[in-house]
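One structure below.
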């Protein structure tokens, strides 16, 4: 029982990281119907920004978090402006391939500058409480609480603010909304900033929770976060959160009860089954085909 | 025996009844129009006949054979072809290929023969290409055989779509608003054109239309739909003076 | 500049008569095969150059076969490396464990073929979800499939688990690569210019309209996936016997990304584009090798620039006349002649 509870806690931790990254995928998809495959690498950049700030500026936790989120958000907006904006009216796959290219560029650029894995110095004192065999670390609690706060904040922005309304409007209809005076480019930049900023925060949390970071860490985590977004129904923000927690739970539980090498196998088989049963994800709605 | 016999056809989408209890019979060589205001369920009827949507209830029989539950391509192969309200050509493909695709079900070679270009492949391809070019020249499209479909002017795209539908070798042709976007002159030409098709290819035609002038001009009978229900059916003259139809089209006050 | 342009047109005309000749391809094939055989027996090309050519060939097979799904059919498959893995493992297991060592050389084509068939079977399984799932969701299905293949291979000790398989002889030679490359290009070209190929194209253009125009979309999807994965399997087998060791990590998503880049670099729905894409990508990577890790920074940058200035790739949706079947031109020519004669006779 305690064991299961322990694993559930681990699942929440991993799940919240997946969910934070998945949000970036889903937000960009919702607004541009484009899969930003560079997003996993922006997550990696977030971890490296955090590393740089912690090592060279010696800032404490909160400023480091804010600065690295800001840095990644800025990078995200620049990438959108330079690489994706010219392709808004091009075939969809061109944008996807561009995103893959940007991702490779970020990975290899980081690798060229930092050929060895790095360690993020502990920014916070990590205390571990033990209750019998159950052990809870303050870091674990922090990751879970912080991601929940960020997600609630995002939900608030999207559902309650004017900018959020504009985002939802653009994802609903791309031809009419600009005519209504919505500044489309600004809203798209804002979406990228928020989405990649969340990814950056996830990078930092990942770096603190599993302290070794390397330039290729974004690939696998990124793809898995993407899968989370699809499980939830891509384009759906609440779906991405749910998807992240589901995938985290599945991975941790498989690793807890089977040999850990089966983790990917079981996780992906479940994904396949889910997609065959519900081809549009958990919260996604099937688009009615118009004839 | 009637060519197409539809009885009790009903289709519900998410609680909404798009078509309810639709009954319809058409004999060979007839030309019948389906009219009704926007959202009356006309195109849904075509989608149900061609198998794009699955009927919630009811039966559709083509020359006695039930079509409900079959896939669109088997229905097309058994002799029903259609055009679309918003032209749906294969835009990046040539005019020739657009029409050749419609022969898919009648190519006599196997995938292996296709992969190695052996056996019946060459003869079949030549046969189909000749047939297609003949058809295109009947539609005065043969000079554009190698043009991409998207480069054709609007009127020719409509014509190509009809040619493509006829290439599947239908007994029953379903035309979904063929006059959309045409001016009165073009509509008169279209009326002649539809009559010519009916004669030349000896097909039965069901026509969905908005433009009263067109339907009244060429259809023998009409069926009027409103909110998925059949509100009137009969000869053109009867329909014209039916108060229910006027109500559906013009609103309650005028009809009274 | 009129002289230059006339000269160019003359040259083009001669090129067209040359490639329009019935014997162009057979002669090219025999000459190419002879050249490759001579190069590998007399070693007038050094081994490094031969190896690069071998990789060019393998990459052409991968690119052309993926283009069938991603370019001609318009889906977005990211699982091509998975099919390649199946082919590589099946072929390697056969040559290492099953075939007698003495006959490995002679039975090699059989092993490659078996690899292709194994991959084609898996391709058939992947085609089934494609009946209902499209677009991004199908992309995820292929991705998941690729990951499943990798993690299954990692968990089977009989094939070496995560360490992989060793002990293949270097059986992939230049002539064999030439043969399989030519075969795959020819077969896929044939498929594209047939009834089924037109079905594949019509699915890309408009799947519902295609079904309504009597195309059996399920049959078409099965054919496309089976043929595409068959050749990916062939490429996998050749790859395994060129490198002489394989492990599951070689066939992960990064490998798939590589193939995707070659496809979209060369251009979708184009055989000539695929060949150009594979050749440029493979050779450029070799030329830039002195740059070390920075070449991996430069390559994606060039890809992004290409996509911005030429979003459809080098040959997107275009085809060199060389790869179109002659019969296509001939039928039309004959038909026009017939029509003209009929017209003349009537007037």
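Note that the chains are named A, B and C in the order they appear, and that numbering of residues resets to 1 at the start of each chain.
To be clear about the criterion, a contact is a pair of C-beta atoms (placed from the backbone, for glycine too) under 8 Å apart; a residue touches a chain by one contact, two chains touch by 3 or more.
Just so we're clear, the structure is a prediction, and the values are computed from it rather than from any experiment.
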| item | value |
| --- | --- |
| Maximum centroid distance from chain C, chain identifier (CA atoms) | B |
| Centre-most chain, if every chain is reduced to its averaged C-alpha atoms | C |
| Between chain B and chain C, centroid-to-centroid distance (C-alpha), Å | 39 |
| Computed distance of Cα centres, chain C from chain A, in Å | 34 |
| Approximate Å spacing (C-alpha centroids) for the pair chain A, chain B | 48 |
| For chain A, residues that touch 2 or more chains besides their own | 289, 291 |
| Residue numbers of chain C (touch at least two other chains) | 208 |
| Where chain B touches two or more other chains at once, by residue number | 52, 84 |
| Touching residues on chain C, where the partner in the complex is chain A | 70, 76, 129, 132-133, 136-137, 140-141, 143-145, 147-148, 150-152, 154-155, 162, 208, 253-254, 257, 260-261, 264, 268, 293-294, 296-297, 299-301, 303-304, 307-308, 311-312 |
| Complex contacts: residues of chain B adjacent to chain C | 50, 52, 71-73, 76-77, 81-82, 84, 88-93, 96-97, 100-107, 109, 111, 114-117, 121-122, 124-126, 128-130, 133, 137, 142, 145-146, 164-165, 168 |
| In the complex, chain A residues that touch chain C | 29, 35, 83, 86-87, 90-91, 93-98, 100-105, 108-109, 111-112, 115, 219, 223, 226-227, 230, 234, 259, 261-265, 268-269, 271-272, 275-276, 279-280, 289, 291 |
| Contacting residues of chain C [partner chain B, same complex] | 187, 190-191, 194-199, 201-202, 204-206, 208-217, 223, 227, 317, 325, 327-328, 331-332, 335, 339 |
